[in-house]
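Following are the structures in question.
What follows is a pair of complexes built around chain A, which joins chain B in one and chain C in the other.
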Partner chain A sequence: MSAAKVKMREKKMRNQPASVQYPSSSSNVESSTQNGADAPGTGENADPLKGGLSEVHPSTERKKKTPHQSGWVRGHHKDGGGYTKEMPKYITAGAFARARAAEVSAMLKAVRKTTSSSHVFEALPKHMRRRAMSHNTKRLPHRLREVANRMREKSLQAGSKKKKEPAKSKSRKARRRHGNLLLEFNRRQRKNIWLETHIWHAKRFHMVKKWGYCLGDRPTYKCYRACYRAMSSHCLLQDLSYYCCIELQGDEDKLVAALSQLTSKEAGPTFAAALCLSGRRQGSVMVYRAGRYPSQPLGPVTFLWRPRTQGSMHRQLWIWAHPTLKQDLLPELQTVCQCCEAVIPPAAPVEVNPTLEADSEPENTPEAKPVPGTKRKRSRKDATGPPAKKILGDGTRLPSTPVSWRSSSNGIVINDLTMEIVRYRLIGPQSHSVLVDTLEAATGCDEVQKSQTCSLWWPQHCSDEAKMTLHQQQADIFNILKGIYSTAELPSGTVLGLTVDDPRLTLPRKRVKALPCVKQAQEVDEEKRRKLMLEGVPEPCCQSFIWEQSVRDNVTDNKISEQELNRMRSEVLVPGSRLSPTPLQGRVPILLVHQPGKQVGHEMSSWGAGWDLLLPKGWGMAFWIPLVYRGVRIGGLNMSLKHSQNKAAPHFPRDYPDCPAGMCFQEEQEAELLDKFKRHPPAKRTNYIKHGCVAPFRCPWQQLAEEWEIIVQEGGSQAQITAQADAVTEERTSQQAISITKPLSRFTVLRNRKALRLLSAWCRPTTSKGQRPCRVGELPPISCEAVTSFLSAHAMSLVWVHVSLLSKGKPEYHAMLCVPTPEDLKALGNRQGTGGPQEPPHRDHFKSRIKRRKKDPKKAATSSVTPDKPDGKEAELIFASDLDTNASKDPKSFSESSSDLILGLWPDPLPSVASHCSRVTVGWVTQGDFSMSAGCGEALGFVSVAGLLNTLLNQTSEHKGKLLLRNPTSLHYRFAKINIEV
Partner chain B sequence: MTEPRNPSMSSIPQTGPAHTDSPAVEMDPVEYTLRKRLPRKLPKRRNDVYVNMKTDFRAQLARCQKLLEGGGHREICVHGLGLAINRAINIALQLQASSQGALQLAANTSTVELVDDLEPEDPDEAGEPMTRTRNNSAIHIKVFYPDAQ
Partner chain C sequence: MVRLKSRYLLCEVNVSDRSQLLLLDDRAIMVAVKAAVARTHGDYGAAMCSIRFCVKYLNAHTGIVFLRFPKRCYKLLWTALPFITSIETRGQKIPCFLNCLHVGGTIRTCQKFLIRYNTQQLHRMLPKCKSEEEKQQVRKAILSCSLTESKEAFEEDSESEEEEEE
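On to the complex of A and B.
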C-alpha cells in the first residue's frame, strides 16, 4: 500500500522545482549563494518582490535556516530553543534577496504548472466546463484553446502509435451500393446464419447470436402487453425458420421400426400414431437416445408424415427440431437408420451452388433489366468478377459438407433440410383470418399459357387433371376457413397443403388489421364447416408440392424479383389494385400446420392456438411483408418463451434439464447471471447467503434428487429431515471427494404418462369446491404402500409442475419450492390474508473469510480453503490434495479459490440444498412471471418426486398440493398451489 | 372482436360428466383422454355480455350496469351457457330489480353444439382420435329500456 502512495507522491512531485528544498547547510552564505546561483533567470521578476518579502516574513526565514533540518519544517520544534544561538549576525542583502526570489519563482512555477496528466479544462472552474470539451476544443475559452489543441494532437499521436490506423473505409455511398452491400452482408453471414427476415428484424429488434443463428430477441419498442393481447385476441407472428428440418425417406415399416427405438409409448404417442402416420396431423414426440428410454432424453421434436401416394410404401417424414437438439439428433438418426454413407458427390454442389446462382438468373434474363442505365454498372461488375449473390439457406456450411446420407441396407435416406424451408408461426385466435386475407389459392393458367413449354412447374401441373381437382379441393377447404371464428375451433395439428399466388400481388397499400368478416362467414356452407371442425382436413388435401425437392427448387429459382414487381405495379392503371394477369412464376406451394394451444389444465384451454406456415426458401420476405401488413404483431424469442409459459408448456432448452441441450443452456445461463451479478459493486449485490439461497443462478437438480432419495430411504418425517439431510450432505460430499468415479444414477424427468396421471390425481385436493373428484376412484389413493411402490420406480426423478400463487407475489426463475410446516398451513386456514411465513436471515460465514483474504493477499490461497463448519471434511481433503500437487499449480489454485469466493454466493461444494432453510426445499422454478391470463403469479418448475410424495403423504386432504414459493432475493415465503398436468 | 378480454368473456361449459351424454359410444375411459374444445365464438358487439362462472358475480353485474348507464346502450344481451345459465338469469333479474322497473327482459333459449376431442391413450396406437358433439343449453336475455311511447 505504502509503495503505491510513494509512487503517487513521486508522480505529483515530479514537476516541482527542486530548488525549493534546502539541503542541510553548514553556513547560510553558502546555501544562499547556491540558491542564488540556482535561479539566475528570475532577475527582474523577483526584484519588486524581494523587498516586501524580507520585510514581512523575517521570522519565517529565520526558522528555515535551522541547520539540523533538511528541507522545510512546519511549526515550532521541541528543540527550537537552539535558534537564538545560531541566529546569524548579519544578512547579505543581495544573496538573501536572490535566494528569496528563487523561492518565489519556484513557487509560482509550481502553482502554474498542472500536475500529472490533467487536461487543460480541468483548470477551469466547474461552472465553466462544458460537455465534450476534450473532443471539441472550441468549447474551451479562447485563452486555453491553443494548449488544448497541442495536448489533443499529442494524445492523438500517442493513440496512433499504439494501434495502426484502420484502413480507410469506403464512402458511405460506395458501401451502400447494392453489390457492395450484398458482399458485406454475405461476409457477415459466414459465421452465424441469417434468417431471410434478418434485415427486417435487425432494424426493429435486439438481435442475439444464439445456436449459430442471428435471432431477434425482443423488439426495441415497448410491446410486451400488446404482444400478449395479440396472442390472446388477434395474431402474433414469429419467424421460426431457425428450427431444423430433417427429412427421412424410405419404406414406411422400416422407418417406423427404426424410429421406434428413439421413442417410448409410455411417454405418449410416438411416430407411429395412426392419425399422424396418415399425414393428416402433425405429431410431437419426445426423443431419447436409441433404446435408452427413461435415462437419456434428447429433446422434443415435432414431425409430419407426407400423405401416402397410392400404391407405394415409400414415405417421406419431416422431423422438426431445435438447432441445439439437431447435433445430437442427427447422429442418433443415422445410427438407428444405419445411414452412414454420406452422399457427397451430387449433393454438395447441387445443394449450394444452384441456390447461389439461382437468384441471379432471373436478373440476367433480358426482361429483368429494362432500365438501360444499369447496364453500364453491370458490365463493369461482370468484368471484375461474378456479381455478388444473395445467400439463401445456410451460409455457414461449407459446400463440401454432406447434407444427405443413404443406407445401403434398408434404403432409408436422411436429408438435412436446415434452412431449406421457411417456417412462420402465427399465434392467436385470428391467425386464420390473417392467413385467409393474405393468401389466395393459386389461379389456374389459361390455355395459352398451358400450351407454352417452359421450365416453370405450375403450367405443367395445370395440364394434369388430377392435380387440378386436388388443388380445387384444397382451395375449397381453405375458403371454409373464412367461416370459422377462432383458430381453436379446428382439430389440433391439422395439416392443409395448398398452392397460393404470390402474396405480394395483393399487398394492401396501407397496413390494415385483418378481422373475420361476418358476411363472408355466412356464405360458407354450414355443413362443410362442421365437417372440417369435426374431422379436420381429409387426407388427400394434406398433400402439398412443397414436399418435392424439384418443385421447391423451381419455385425458389423463379421468384420474381422485387424490382420487377415494382415495375409491374407502376404500370397498373389503378394504383393499389391487384396485379393481373398473375405472372406465371407467382405460384408457391405451401403447407399450413395447425398448432394446438393450451392443452393442459382446465382454464384458458386452447389459448395460443395458431398456424404454422411452411414455405420454400427464398420466399420468406415475399410472405413476411404481406403478413405484417395485415396488422399482426411480431414477436421474438422472448415472446415465444412467454407463449409457452402461458400455455403451461415446457420451453425447449430451458425446461429440459435432463437433456444435453438443457444442461448446456443451464451452464450458459449460470455464467451469464454470474457475470451480471459480478458487474454490480459488491456493496450493491444481493447477499444470497444471507437470504438462505444456496444456488441462485442454477438448479443443482442432481444433488436435490440424491438428497431426497436418501432422505426417503431413511424414512424421514418433517422434523427429522433437517438433521438427516445434514448428515446426508456430509456423506455425499465425502463420497464425492473420495471416489468421483463411483457411477451415480442420473436424475431424469418423469415423462411416463401413467405415472404422471397418478401423481396428478394425488396432488389434487379431493374436496374442493368446483372440482369434481373425477375418476379418482379408479386410481389408487395415496398411501404409504402406493408411494413406496411408486418411488421404487421413480426415486431419482423430477416432475414438471405448474405453480400458481394463491396470493400476491411474482415468481422469478430459480425461486425455491418448499414444503410448508403444519403450522403454516394452519395459519393459512385461519386467515387468508396472511402472506406466508418468513425465513429468518442467515449468517454469512464467508464474509469474514473474504475480508481476511483482502487484508492478507499472500495467505489468501490457503485461508480461502480453510474449512468452515459445514464442509469441514471436504475442505480438508481439498487442502490435502492441494499440498500434493506441485508448486507450479499454486497460482492456478489461487485464482480458482478467489473465483470461488464471491461475496454473497455459496462456494462449491454446496451444503445440503434440501434442508438449508427453515422450510425444506423440494424443487425450483425454471420460469415464472406474472401471468396476464390468470391474473396472478404463475411459474413452471420441477420438484423431486420423492420430496413431493413425502410432502403429500403428510398433508391433509384440503391442503393437498400446497407448497411455499420463495424468490432468491426475498425472505418471504408465498403459498402456491401446484398442479401436475398431463 | 374489439374487446381485448375476449377469452375471459367466453362462457365455459361446465356441464356434467361428458360420458353420460351419449351412451351409444362405448369406450374405456382409461384409453381415451377427453379434451373439450371451446364453444364456438361469434363476433360480438359491444353490448354483448357473455357470463361465465370464473369471474366474480359482482364484477359481471357491474359490467352490465356500466354498459346500460354509462355506456349509453339502450339494450344489452346477456348470454349464458350450461352452468352459467343460472347466473345469467340472476344478473338479468338483479339489473331489473335495481332499475326500479325501468328495464325489461326478453329471454331466448337455444342449444349450442359443443365439440369434444377424445385422444387415444392406448399404446398400440391403432385407435383413431374421435370427435364427438354434444349439445348444451344456452340462454340469451335481452335487457332493454322499453321505448318511450
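On to the complex of A and C.
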C-alpha cells in the first residue's frame, strides 16, 4: 500500500474503535503477523494495556490514551512496547462496569464522528443538507456555523498560500499604448536582441532564442515544399541581419598583410584575391587562428572590400561572420592588426539617433540624457522614467562598451558594426526581378530643393556632379538587371551599389508576384546585358554611400515614420496614387551583393543563387514589407539549413566540427537530443544499443580519426580491421587511463584544395556512364604509395562528402557511413533490387544491469563503489558468446559506468566506434534528407580520410566510392555513392 | 449506491469463568467460527466463510465481538454459531458459547446498538450492587458513558489536521 493510501486510511479509521485484547504470547507472534488482510492489528493497544495491567482496569487507561495514538495499524506493531504475559487473577464489578463504560464511550466516539470529517456539514443527517453549504455557512444550522466559518477561513488561507497572488498588471489598453508597448519591447529584448523584423516574424514563425538573438526558425504554416519551390523557381527571402559585420579600415597593404596570417592559400582564394580586392566581388574565406593554418580553424566568413577611391591607399573592408564566430574572430583580428586600443565611444553613443520630431523640436531633446529620444509627450512629462524609444541596433550592448579599436602602430581601425547594417537574403532565380520590381533608383531633386540648405544627405549629393553621374551609371546597370533571365547568370559575388527611393512609396495595393519581363527588356540593350553577365558590374559602380558612417546615420535618423507617411498619402488628391514629389528623406543608399548558388558538383549547378540586400539600420521593415508584397516566400533558420544542404555546402556552425563554434553546437545538440530522448517513457525509447548505434546524438570525430589512424598504421585489410580495432580501443582506453597529459593531435577537416581534388578524383568510378573523364588523367592514379604519402600528411583528417543513395531510404543526421564487404558489393552487382545488407540486432547487456539497479537501489549504489567481480565476469561471458558484436569492454569501466546508465544508450567511454557493427564505420552524416532536387535521399557528412582511402584501395574500379549508409534507428544498410566535390 | 453489502453480527462471548475471557483474541474466534461452519455446513459453508468473513472488533474485557459476513449467506453462517462450544486460544480450550445480540447492515448500527445495550446493562447492574463501593464505581461508569460537546470534537479534529499538514 502506498504511503498516501496508508495516510488516508489512517485518517478514516482514526475514530474507529480498535479491538481490545491482550497481546498474544511470544509463541503466537507469528500467527498474529499472518493476520488476514482485514483483521485489525493487535499491537497498538499494547501500550495502554501495559499500564493498565498492574491495576485492574486496563480499559480506562486505554480510553485515556486512545485519542493520542488512535488509528489502526496493520500487522504486528512492535514498537507498542513490551508484552506482558501475566493475566489478572480476579475480576470485580467495578472493573466490569468500567470496561462497559469504556467500550460505550469508544463506540460513541465512533458513531458520532463520520469517517471523512473534512466538512462540518457531513455531521448533519442527509435530509438537513442544503445546496452550496460549503460556500454559504448561513445554510448550516446555527450550532455548526462557527466551526464551519473557522474551517472555511483556514481553507481559504491554504489556497492563497499555495498560489502567489500575481502582481496587478495594467489594463490591456494601457499596456498596448504605443509608448508602453515600446518600453515593454525594449525590456524584453534586453537579453536576446530582436531583429528589426522581429514582430513580423513573431506573428508568423516559431521563434527560437539562439546566439543571443531571437530568430524565426520555421513558419507556423505549412510551406516546406512551397519554400523549396520558391528557392528553385522564384524567390525566398530571409532576414540575415543577425550576421555580424566587422569593419576594418586602414592602408591596403597593411590590412592584407595582417589578414594573410588568418588564411592560407591552400584552402582557396584569400582576402587578397584580385577580384575581391578591387571591390567588385564579394569573397568568402575560411579563417584560422593566426598562423595555425591546418590545425585551428575558426570558421567561414564572407568579406567585401570597398572600391578604391582615387589616389588613396586607405581601404575599408567588411567581414561578415556568424554570431557564434564573432567572439573568436574579433580578438583574433585585434591581435593580427595590433589593435588593442579601444576607442571609447563619445558621451552620446553612436547608436542613439534623434528622431525626426526631435530634430524639428529641439527643445524635446535634453542633451544631458543618455538617450535623447524623447519624442513622446508623455515622456516629456515624466522625464525621470526610461525613455520609450525603439532601440535600433544592438540593444544588449552597454553604451559604454567599446565598438571600435585603433592601432597606434599601423593605423588600422576595427569597428564592430553588429546590427548596424540590415542584411536580407533573396534566394532564387527570380530574386533580381523581385528587387527590380521593389526598388527604384533614386530620383534626383529639383532646383528648389537643391537650393535649400538642410541636414539631409541627398540634396548635398545632388549638387555634386560626379556623384550624380555615378548614380546615373548605377541606375542604368540596375535597369539592365530587368532583362536578365535568371539570377544565376550573373558572375558570382557581383556587387552593385545603389541609391534607391523609399520602397514604401511604390507599395502595391495587393500582393503581387514579381515576374521577369525579359521580352520588354530585350529591346533595351543586348550588348550591355551581355557585358554585365560576363564581366559583372564595373568597379566604380560598386561604390555605395552605405559605406559611410555619416550617411548611414543620417539616413537612419531621417526616416519618415510610418504614421507621417500615411498622413502624406491621405493628403494626395487621387487616392492611391504615388506621392509626388518624393519626400526628400526617402533616399536610401543600399548595396546589392550577388550570392553564388551551388558551386560544386555537376548537377544543379548554381542552384540557389540570389542577392543579398544591405541596408542601413532602421530601414528594415520599410524594405521588408514591399519585398513581401512582391510574392516572395519567407524562410527561417530551418530553410537556410535546407538551402545549404541542397547546395551541398557545409552549414555553419553545424558542419564545422573542428571549429570552436561547431564543437559548441555539437554539445548543445547532444544535450537537446538527449533531453528529447529522455522525455519519452522508457518503453517507447529506441534502444540504440540493440541497433548497434554507439553514439546516436553526436559524432565522436576525434575517436574515429584516432582509431582509423592506428588501423591504417598497422596496415589493416578488410578482414583484420575489426580485430585490430578492438585492440585499438583497448589501447586507447588504457592510454587515456594512464596519461591524459599526452598531447593529442586533434582531428581537422581537410580543406586543402589540391588534396581535395586528388581525393575527389580517386573516389570517382573510372568507368561510369555519362560522366566526362574530367582531368583525372593529370592526377596520379590511386595506389598504395600514393595513399601512404597522402596519409602521412592528412591521417587525422576528415573530409566533407556528399552522399546520394542509390535506392530507397531517407538518411537522417548521425546516420553511419560504413564500408561494404566484397560480398555486399557482389550482391549489389547481381541484383539491383536488393536494398542492401542487414545488421544483425545487437544485445543490450546494460539492460539487466539497469533492471537490477532499479530493483535494488541500495545494492546498486554500493556496487558502483566497489567493483563487483561476478557481474563483470558475467558480462564478459555474454560478450564472448555474442555472435556479432566484437565490442569488448573491460569490466572495470563496466562497473564504473553503472551509475549513469540510460536504457538504450552506450555509457561513456564508448567502445570502438569504427568496428562496432558488422560493417566498419568510416564516418557519419551531419545533415540528410530526401532531396527534392535529386529525387532521392541525399546526405552530407564527414568521413575519415584514412578510412576512406583504405576502402577505396580495396574496392574495384566499378564500385569505387560506394559506401553503406545506415540510420541510427534502423538495421538496414543502404547503398550510397559518395562524392567529394571541389 | 453500489457497494459490497455485508451483515455485521454483534455477538457476546459467554464464558463461565470471566477471567478466561481475557485470553481471547480475534484470530482464535475466527478459527473457531470457521471450524464450526465447516462442521455444520461442510465445504460449501467453509468456502462461504472464507470470503469476506472477518472479525472486525473484539473486546476481551467485555467479550463483545463484531463479525462480518457477506450479506448473501449470513443466515447460513449464522446458523453455525450456536454450535461453537469452545474456543481454543493460547493452548487453552475455553468453553463458551456465542450469543448474538444484534444484526446490522453497517458497523455503525452495531456500534449504536452496543452503546444502548451497554448503558442498559450498567443501569441494570446498579440496583444489584452489593456494596457501596461497587455502587459508586458503577455510577461513575454510567456517568462517563457520554461524550463531551461535539464542537470540541471538531476542534480536536481540525487541530490534528493542522498537525498533519505541517
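A few notes on this one:
The working rule: the second predicted complex is superposed on the first by the 742 of 982 C-alpha atoms of A that agree within 3 Å, B and C clash if a C-alpha of one lies under 4 Å from a C-alpha of the other, contacts with A are read in each partner's own complex, and residues count from 1 in each chain.
Convention: contacts are C-beta pairs under 8 Å (C-beta built on N, C-alpha and C of every residue); 3 or more make two chains touch, one makes a residue touch a chain.
A quick note: this is a predicted structure, and the numbers were derived from the prediction, not measured.
When the two complexes are superposed, the chain touching more residues of chain A, out of chain B and chain C, is C.
When both complexes are overlaid on chain A, the residue A:120 reaches chain C alone and has no touch with chain B.
Using the contact criterion defined above for the overlaid structures, shared-chain residue A:107 touches chain C, although it does not reach chain B. Of the two partner chains placed around the shared chain by superposition, chain C is the only one that A:94 touches, whereas chain B remains out of contact. In the overlay built on the shared chain, the residue A:466 is in contact with neither chain B nor chain C.
By the document's definition of touching, neither partner reaches A:574: not chain B, not chain C. No residue of chain A is contacted both by chain B in one complex and by chain C in the other. On the chain C side of its complex with chain A, the touching residues are 18-19, 22-27, 30, 54-62, 64, 68, 90, 107-108, 111-112, 114-115, 118-119, 121-122, 125, 129-130, 133-134, 137-138, 140-142, 144-147, 150-151, 153-158, 160-161, 164-165. Every residue of chain A that touches chain B in the complex is listed here, in rising order: 229, 232-234, 265-266, 269-270, 272-275, 429-430, 485-486, 488-489, 491-492, 515-516, 518, 533-535, 599, 603-607, 753, 772, 774-775, 778, 933, 982. Of all residues in chain B, only 1, 3-4, 6-7, 17, 29-30, 33, 35-38, 40-43, 54, 115, 117, 120-121, 123, 125-129, 131, 133 touch chain A in the complex they form. Note for the complex: chain A touches chain C at residues 7, 11, 14, 16-22, 24-25, 28, 31-32, 35-36, 38-40, 42, 58-59, 67, 87-105, 107-113, 117-118, 120, 123, 143, 146-147, 150-151, 154, 158.
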